[in-house]
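Note that the chains take the letters A, B, C and D in the order they are written out, and that residue 1 is the start of every chain.
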Amino acid sequence: MAEAPIRLGMVGGGGDAFIGGVHRIAARLDGHYALVAGALSATPVKARASAETLGLPRSYDSYVEMARAEADRDDGIEAVAIVTPNHVHADAAIAFLERGIHVICDKPLTSTMVDAERLAQVARSSDALFMLTHNYTGYPMIRQAREMIAAGDLGNLRLVNVEYVQDWMTGLAEGKQAEWRVDPARSGAGGSIGDIGTHAYNLACFVSGLRLDRLAADLDAFGAGRTLDDNAHVMLRWQGGAKGMLWCSQVAPGNENALRLRVYGDKGGLDWAQEEPNKLWFTPFGEPKRLLTRNGAGATTGNTAMSRVPGGHPEGYLEAFANLYTEAAHAIHAHRRGETVPGDLLFPTLQDGMEGMRFIEACVRSSSRDSAWVSP
Amino acid sequence: MAEAPIRLGMVGGGGDAFIGGVHRIAARLDGHYALVAGALSATPVKARASAETLGLPRSYDSYVEMARAEADRDDGIEAVAIVTPNHVHADAAIAFLERGIHVICDKPLTSTMVDAERLAQVARSSDALFMLTHNYTGYPMIRQAREMIAAGDLGNLRLVNVEYVQDWMTGLAEGKQAEWRVDPARSGAGGSIGDIGTHAYNLACFVSGLRLDRLAADLDAFGAGRTLDDNAHVMLRWQGGAKGMLWCSQVAPGNENALRLRVYGDKGGLDWAQEEPNKLWFTPFGEPKRLLTRNGAGATTGNTAMSRVPGGHPEGYLEAFANLYTEAAHAIHAHRRGETVPGDLLFPTLQDGMEGMRFIEACVRSSSRDSAWVSP
Amino acid sequence: MAEAPIRLGMVGGGGDAFIGGVHRIAARLDGHYALVAGALSATPVKARASAETLGLPRSYDSYVEMARAEADRDDGIEAVAIVTPNHVHADAAIAFLERGIHVICDKPLTSTMVDAERLAQVARSSDALFMLTHNYTGYPMIRQAREMIAAGDLGNLRLVNVEYVQDWMTGLAEGKQAEWRVDPARSGAGGSIGDIGTHAYNLACFVSGLRLDRLAADLDAFGAGRTLDDNAHVMLRWQGGAKGMLWCSQVAPGNENALRLRVYGDKGGLDWAQEEPNKLWFTPFGEPKRLLTRNGAGATTGNTAMSRVPGGHPEGYLEAFANLYTEAAHAIHAHRRGETVPGDLLFPTLQDGMEGMRFIEACVRSSSRDSAWVSP
Amino acid sequence: MAEAPIRLGMVGGGGDAFIGGVHRIAARLDGHYALVAGALSATPVKARASAETLGLPRSYDSYVEMARAEADRDDGIEAVAIVTPNHVHADAAIAFLERGIHVICDKPLTSTMVDAERLAQVARSSDALFMLTHNYTGYPMIRQAREMIAAGDLGNLRLVNVEYVQDWMTGLAEGKQAEWRVDPARSGAGGSIGDIGTHAYNLACFVSGLRLDRLAADLDAFGAGRTLDDNAHVMLRWQGGAKGMLWCSQVAPGNENALRLRVYGDKGGLDWAQEEPNKLWFTPFGEPKRLLTRNGAGATTGNTAMSRVPGGHPEGYLEAFANLYTEAAHAIHAHRRGETVPGDLLFPTLQDGMEGMRFIEACVRSSSRDSAWVSP
């Protein structure tokens, strides 16, 4: 028996905003949501125009108004996607959480630790769910990697190295995407480290199951007139003795969205690259390298569960994003029925968001102290 | 201003049928369709159960009943997706076309040339649109390849080689997918050549802009007890003097869905592989090889138009499939408004389906005549 | 105890001839040969200049003179490398074989079947050894592929597909390399099929252990004014029921030296590409793909035996070529000692050369008969 | 006119020592050297047996004896290759340099800074040449990378990242190769950082033309009972403002010899991996990625000069090594003639060796001070 679609609202994402479109596709892909309301822009006229283009039944001039009005309707939204610049996340999320509306929020959690703490307090006392879209955790091969490590296929972990490399800010980056990302007031204290470094960090933690002990960071702003970092080199010391490095950059020409994770233990290694997400190298020590595939031979439960089509029919970024939306839908369905949220749902939560914020803060702190080792 | 979603029905695709699910996702992904009715299985009880699972408003026991009933409703379906085994395509499509309902049909067109001709006659006299889901033509890099060739970037074409290699029938293939594909009564005279060879052939024609003059084929059934081919080697002579080869196989271990197209002219070459669909090699003679990417540097109009997200964020099989659904939606929207269908829509049509049928027939004919050169 | 180096002569290979230099490096690499005499060019003045540049102790104006003089010396050459255009191979080889001097001859064997038969007759009655440098058989991963197939790792073979693709004749190819290759009088009846198609065919036979039953070929000369083929598509029927294709081309822009062999059985597959020769894909059906490496985990005896350095330290074309020279040296050493040539030496022989000639002839014959199936 | 071969001796490299065999092949490959004497092992009986196996005319029980005896001969060695464990380098090199015999020494320079200074002093006052075999600088694509950066193709450099990853010490590494490398008395203060980190550092400097300002290192010994590092993460600050990272490891399963260099400027990037050495990615910002090849389209002078065979015919590790030997031969030839050594010879020298020693020392120092930034 099919569940009725979850009534979804959206804050931000008007016009040609990249990530708003992604969230809408992700919500639509598996058929679990119906987008019925939006406050798509801080500029009311733009919000309305975008809502009309998208055929949204209800458009609001602000998220405050939207939260209030939707909470009052019998058929009001059950969940809201927050896809604004970072500095709006906290207040917007709070407005909905306080009214019992589930929140699906883009990363990083907020632009400041103070905001993060405020949000966390509200979230903890709210019955509503909070999902953070660290979307790369939704890839099937990432689920397999996590499962293999948990099962001991790599032995004791020694190294967790991750890099996330782009090139779009090599020159004078312009346009909607770039504008707020280089503004500390809207983006927060981290530039590339907040925008993509947090993704890399989250992925490393998600897959390895490790927690970070300390880090030493060297942040740079290479772009002319830029105050926020566009490149970061970070050395990592994981709890339990493993080591690692994190490199994120937005000024490395030739790299579109090159997120890559490598994990090595005393029994084997794993190597995954986001631009070829349907593959995962598994390298048991002393044996031939094996190329595992999405929904292919040797697929684990999580790999298969996150897949829609057979191996060789590439799934990509949008499907991984949709996987999180679908996991959130299962949680919301359970919530509707008054049931406990199933324990096998792995979508990122407020906890991940808080850890990401601490990571950004620690990187900035270490870098300002000449790369001293600091705890996040 | 958003167009109201197109009311869509589906014939076939019940239970865990692979391709039915693909069509549903493709229809949903860009938000242009609402699936409202189905005759999802030839077995009524299964049809009903599947409809309930999917939350379909209206379920029918047969496509005949569905065509009749939906045509009578004011809010009846405007289009239908036909995703049954091949031998049902013709009658089902005819039932809807005769009632002015647009048809989106899986490939190959039908199981016999007689059926194909019958369908073609109806389709030509119907006002309704007919789209055949040769889905690989929906990939952004395939659009770029076509545009580059049309623009003369490769010079005069000399070679068009294509291969489509799988391994799932290496052993005794079982299950729903395999069952009807090895049965000539339901699949038609072609095995692998009909199932995947037609895709390869269609893609080669679509990208190169060439038409086939003659072919010489050697078909085989390696699987024990199999009557239909599971491997085919075909030599190609294109009109105008270019040559080529087509190889399709379902018994080559290690190949999941390895469709690859290579085109060479006297000025340069192109090389594309479906399993890494976001890349396209362009090799101008005497210059360094260039790796073009989806929505990346050097993207042509068609590449960008078929893309949703920036380069480096992989789009895949489902997005390519959805691109055809979206092009069909644009055509249906124009039809709604009484306008001419825009000329830049490139979704495959009945014409492509007829050419595919002639290709299958010619391969079987040539193979039975010891690989004599025959015209399709 | 080290063997004294084999005294080697060379016929052809003067000036900047590509293949002459390759043979000299191959002879030198493992230290088994000392190049002491040469008739490096048909033009005496050029022969002398080249010999002086190379520091050769003895230079001759013709191979006839050289054969005679060296045979008379106590310290005369024990072996000769013949690296001339094809039409000289037979007479030159005969001159040395008749005097008991071992011959290392470049491929193809000769330019005509008549010459081949003449040579074969002499070779059979000579005590001297004859090696044909089908150099690709010297790659370690090729040895592993052969051993795996012989051991049954792929099960019963169904498909042996091979392609050898270059681009250097895309335009008007010029220079020493091109000149004689497009001249039937010097090259023979085959163009690309003789130059590289024979390599591909030899490799397919060497690795698979199969013998060809019949072939159907379609040869073309795309280059303006060219009489010999620069592209060939060939369908293959192997004895025992396996099928295959061979494609060779010298007009496919973007391909430098793209020799690739794929073999599939009912239990698994192998895939090897010459441009990344240190890797071999092994794909057991239903299991994850495995990437085998030169001298790496899972290396077979032949892989290790043909390797000089550990995995990850790439060996290439020259090392593979040198492997044949070294195998020939082991045979010559045995001959010196009056022993039987060890049975585990796999360097190509006259027999391979004859099969290559029959293959070329069969391709030309089939193509002239509109691609009829013919026996080689 | 051919130069007479350079009479070469060897210290170390007896038995199955990996690097001794490599030096011998490298010396032989281009025909510029004749190996005529050796002190192949510190164990006389082993030295003699190895010399006999190799067919060396003269064998010595110690390098001291050899240096003395050869210097006294009219036909004594002109150059010596030193391929012993690190702690022997200094004394051996000094013994030959003091007698005017050219030295070709494996890296790192020595095992201690004190030894390095001693050696440097002798080398500076000797007329003989000193080459250090940082062999990766001999790759053709590395020469092209260096030339492109010098020509400004990347603009102002911002990032130089290098990694050198192996797996052979993942477990309890055993055998001749491992034994002395884990012993500080013979290897020096650096483990992986000395063995492979210096290669990576040298390559980064060679290609980028940058000099290091400061580094912050975190060294680890993961292997049980190991005192020397088997993994190192290092952050780099280059003079002039560029940043970078260096990661070397010998405990990362699945990595055979994975040296990779990435350099990014404000106009473009370069990416090279040693295991596929015939390729170099050049990524001009905002343009399609280009794959440059050895001796292929777009090859620079240095690429072509270091190549023996056309593109597509892979050259590898041994050819790159031989390129250094050949450059040294050109220098020694000039020396013979009393001429100045040509300025375009780029083989690594004592200066590179000293920088490598300072790098190792700085890494160890930084790591012992909790990764403080230090100057090398």
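Assume a residue touches a chain if its C-beta (ideal position, glycine included) is under 8 Å from a C-beta of that chain, and two chains touch if they have at least 3 such contacts.
Protein names from UniProt, one per chain: A, B, C, D = Putative oxidoreductase, Gfo/Idh/MocA family protein.
All figures in this text were calculated on a predicted structure; none of them were measured in a lab.
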| item | value |
| --- | --- |
| Selected from A-C, C-D or A-D, interface repeating B-D by over half of its contact pairs | A-C |
| Pair sharing more residue contacts (C-beta pairs) when B-C is set against A-C | B-C |
| Whole-Å gap separating chain A and chain B, where each centre is the average of the chain's CA atoms | 34 |
| Chain B and chain C: spacing of chain centres that average the CA atoms, whole Å | 43 |
| Approximate Å spacing (C-alpha centroids) for the pair chain A, chain C | 55 |
| Multi-partner residues of chain C (at least 2 other chains) | 255, 286, 289, 293, 296 |
| Touching residues (chain side chain B, partner chain A) in the complex | 1-4, 18, 21-22, 24-25, 28-31, 52-55, 166, 168, 255-258, 274-278, 293, 296, 308-319 |
| For the chain C and chain A complex, residues of the former touching the latter | 282, 286-293, 296-298 |
| Residues of chain C that touch chain B when the two form their complex | 158-159, 161, 167, 170-171, 216, 218, 220, 222, 231, 233, 235, 237, 243-245, 247, 249, 251-255, 262, 264-269, 271, 281, 283-286, 289, 370-371, 373 |
